[in-house]
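Look at the two complexes coming up: chain A is in both, with chain B in one and chain C in the other.
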Partner chain A sequence: MKNNIRIYLVGAKTALASRMAYRGDFFMSMLIMLLVEMAAPVITILIYQNGATFPGWNMYEALLIQGVFLLGKGIAYPFFFGIVWNTIERVQNGTFDLLLIKPKSVLFMAIVTGFDAEDLGKLVGGVTLFTLALSRLPAPEPGAWLQFMVLFTITLMVMFGYGLVLAGLGIVWIGNFRVYEIFESITSFGLYPTAIFSKSLQTIITLVIPVAILGSVPATVLLGRPSPGTLGAVGVSLLFLLFSLGFWRWMLKKYTSVGG
Partner chain B sequence: MLISVKNLTKVYKTYQRGSSFKETVKSLFVRKPLYVHALKGISFGIEKGELVGFLGPNGAGKSTTLKILTGILYPSGGTVDVMGYIPWQDRKKYVAKIGAVFGQKSQLLWDIPPIDAFYLNKAIYVIPDREFQRIMAHMVELLDLKDVIRKPTRQLSLGERMKCEFVMAMLHQPEIVFLDEPTIGLDVIAKDKIREFILEMNKKGVTFILTTHDLSDIEHLARRVIVVNHGEIVFDDTITTLRRHWGEKKIIAVSTVYPLPDLTRPGVTVTKRISDYQAELELDLAVYELNKFIALVNKSSTIRDLSVQEPPIEETIKVLYKT
Partner chain C sequence: MGRRTKIGKKIGYWFGVLKATAFSTYKEWAAYRSQMAISIFVGPVFFLIQLFIWRAVYATRTTLNGLTLEQMLTYYGIVAVIGYLTYDSADWDLQWLIRNGSFLTYMLRPVSYCFLAFAQKIGHRLLALWVEIIPVGLLFLFVFKIRLVPAEPGWALFSLGLSFVLVFLTNYCIGITAFWLTKTEGIRRAFLTLRNLSAGMLIPLNFFPAWMQKLLFYLPFQFITYVPTRVFIGHYELAGISLSIPRVVGLQVVATLVMLVVARLLWACGIKRFTGVGA
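And now, the complex of A and B:
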């Protein structure tokens, strides 16, 4: 474990050094990431400033949900979600083989070599929005913080699960970066309070596809009004993680390399 | 036996795609599977310390063999035992003991110096500091890389990059190193340096398995050659035997004082008649002895100059590829 952390840190350091070789591009990319991710909160603010609301939620409560969602992405994208582009790109150009000749799990090597420095912009955005929204709301109880920490850990596990599924698809669905768009479309429901959707959609994004766990479920415990079906969402999330691990292994077995 | 391969087969499933627009659109909905038999039951063994060259035309099965031996691919059938490991089953333990250089796939990181990539390998292979410094210094000296390893990879020449790939592959002191076209695109000087390095490491007991299209790599390095074609081994012996495989032929270039007569006869083929006084021939020693031929030419035309050479290995290989 200690050695794996050391490898990860060396990998992250080299990825950062690599990205910082072009300073202008690095800072621009970070800024663009930050601005792109801020689009949804800005729209939310505009909606509330024009008198409309998400029924039953004030602006800062809605922004907190989006803050949690962006914080989850902000941690996932730079630190482990890079397995998606890293796998797709490597399978396409044949360098995925190089991960298989290292004495570590392929998944671990895909994470180490997929550290995505420019996505740190998302993390900055997530932390900023989360802190800003929370500062305008009543301080949560210590118990609520504890529940939030548990649920947010599950959020990150689900993000990891999505990463595994998308990266696994990249092994057989060669060169298809559209998987990002599929992922963004599915998970965009997580940006809003689950309660604003119809009952059937609430059930789907809570108990079938783990989307509500990405924002609404952990944020609502901080707000002291837990989403209905929180326990079910936790169960589905854990099952999804197991499924995604199995899916990744299955896809890995299908890997056929490229001619050479 | 360090490497033992028995009846190795590999079948790839691909899909047929049409070339016309109509066929391309059709292939979006209906695809016809195509089974490619990349390896058709090959068997061979390699001893510790050997330097074996794999030759074969494109698509012959060389790289597939190498990928199975490095644990990258699962075979469809057969058995492989390398140092007591089954590469694709014991992958993590196994690859810690091997190294690989892929001439067309870089392990270096484009925008940062090779030394940073070396440090990443140090962490992955858990190489102690002192040992890492010692091995790196030794390889840097052998490959003449002192001023190179701290420059960004993108600023290095192809030869310098390839030398750094060798350092990457060998920092953890592997017992076997697989080389897939390691000298592709390199100039003569870089090739020579890399060949010297391989021979030096081979002397120290490292086993090398080399696939290449460059026959001079094989001639300079490999004592044993395995020729693969259409997924089968068509030759497995020494390079000397390979030369003799299709008869003991010599290439003769002769120039004379007086005009040459017609030299065509059983065992003698005139390949190029440059002038009345100069010609190139192929002599089959099994049919016509060299001393008899020299006597014949000298008597009829008085030899001014004569050279005897081995036939180019390419010719022999071409014949093997056509079988």
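And now, the complex of A and C:
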């Protein structure tokens, strides 16, 4: 474990050093990563400022959901979600083979070499929005914080699962960076209160595809009114993680090493 | 008469170059059509989210900022289609060529890079027309009942054409900055973010506070998406200013010409810095 952490830190350090070769571009990209993620909160704020609402939700409650979502993304993207672009890029130019011959698991090496420093901007954005929204709402009970921590850990596990699925797709769908768009579109449902969606869609994003767990499920616990189906969402999330691990292994077996 | 023939020949030559480049780009990208076809999934899914957001918002009212629910959904439908129609990657392509030095090969050709890149965009978007734009349009029509029929087809088409050129020119300018910056990912993303927000791609511009609407009125970004969308709807209004469709399209022509001059100036300054070494 200690050795793995050391390897991960070396990978992160190397990625940061190589990105720093274009320092100006790096800092600008980091800032932009922060701003890009603010699209949904900006829309929410503008809706409320124009006198409209999401029925049953005040502006800060809605922003808290988005804050939790962005916080999850802010942790996932720099630290382990880089597995997606790293796999797609390496499979396309044929350097994925280099990971296969290392004396560590391919998955671990894909994470280590996929550290994405500029996505730390997303983390800054997530922390800022989460803190801002929470500061305008009644302070949650310690028990609520505990439940939130458990659910948020599952949020990160689900993010990891999505990363595995997308990276797995990148092995067979050569050079297709648009898989990110598929992910963004599906998970965008997690940016808003589930109550605004139809009943059938609520069931799908809570109990079939783990999307509500990325934002509204953990956020509602902090608000003291847990979402219906929270336990089911947890179960589905764990199943999803198992599925994604299996999917990654399956795709890995399909790797042909020919580039594209 | 002889002079006319000469001009005609020249136009014929350029048209031939444009046609050949567009056709080869079309064929090249046809190999990746499955990537393009992802829009058939992504576009309607994003639209579905907008549908639920605005249905919830309109649950307690019939109009918001002068728009009914139907008009709001039509707005997002048009924005999506304009986005697909005008998309290009001139910014990324140019910075990549400059960074790895292969731009050198384009300087040896008897055709300007700008013209070539524009012809490539035409080929790319012609492929997109049947792979993503028409299918997405049909999905909007049959699944979401959004009729994308312009109020004044002639003006809408002209405005869309100008938007097509304007997106190319602005992206091209971003690509040119690679002569100074080498890697332009940051400025490219910054510009895209600013553009999407200021062009009304995320939310209609009349949702912004009054002071910001006034600012946006004087910025060129509105001519990329907001103006063609409002021309499509048949009514333009921003910052409390209503303009007739011919007038606003006229302003769009001016914005396009200004952008053309800016692109030329930037190019003239930037090309002097090219060393052919890459970075």
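The criterion applied here is as follows: the second predicted complex is superposed on the first by the 258 of 260 C-alpha atoms of A that agree within 3 Å, B and C clash if a C-alpha of one lies under 4 Å from a C-alpha of the other, contacts with A are read in each partner's own complex, and residues count from 1 in each chain.
Just so it is clear, contacts are C-beta pairs under 8 Å (C-beta built on N, C-alpha and C of every residue); 3 or more make two chains touch, one makes a residue touch a chain.
All figures in this text were calculated on a predicted structure; none of them were measured in a lab.
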item: Fit or clash - chain C, chain B, common chain A; value: fit
item: Partner chain in contact with A:204 - chain B first, chain C second, else both or neither; value: neither
item: Which of chain B and chain C A:59 touches, first, second, both or neither; value: neither
item: Partner chain in contact with A:176 - chain B first, chain C second, else both or neither; value: second
item: Partner chain(s) touched by A:127 [first = chain B, second = chain C, both, neither]; value: neither
item: Partner with the higher number of touched chain A residues, chain C or chain B; value: C
item: Touching partner for A:17 - first (chain B), second (chain C), both, neither; value: first
item: Chain B versus chain C as contact partner of A:47, first or second or both or neither; value: second
item: Which of chain B and chain C A:256 touches, first, second, both or neither; value: first
item: First (chain B), second (chain C), both or neither touched by A:101; value: first
item: Chain B versus chain C - smallest C-alpha distance in the overlay, whole Å; value: 6
item: Chain C-contacting residues of chain A that also contact chain B; value: 22
item: Residues of chain A touching chain C in the complex; value: 22, 24-29, 31-33, 35-36, 39, 42-43, 46-47, 49-55, 173, 175-176, 178-179, 181-182, 184-186, 188-189, 192, 196-198, 201
item: Residues of chain A touching chain B in the complex; value: 3, 6-7, 10-11, 14, 17-19, 21-22, 93-95, 97-98, 100-105, 253, 255-257, 259-260
item: Chain A-facing residues of chain C, complex; value: 32, 34-35, 38, 41-42, 45-46, 49, 52-53, 55-61, 64-65, 181-187, 189-190, 193, 196-197, 202-203, 207-209
item: Footprint of chain A on chain B - complex, ascending; value: 12, 59, 63, 67, 70-74, 91-93, 95-96, 98, 100, 102, 104-107, 109-112, 116-117, 119-120, 123-126, 152, 180-181
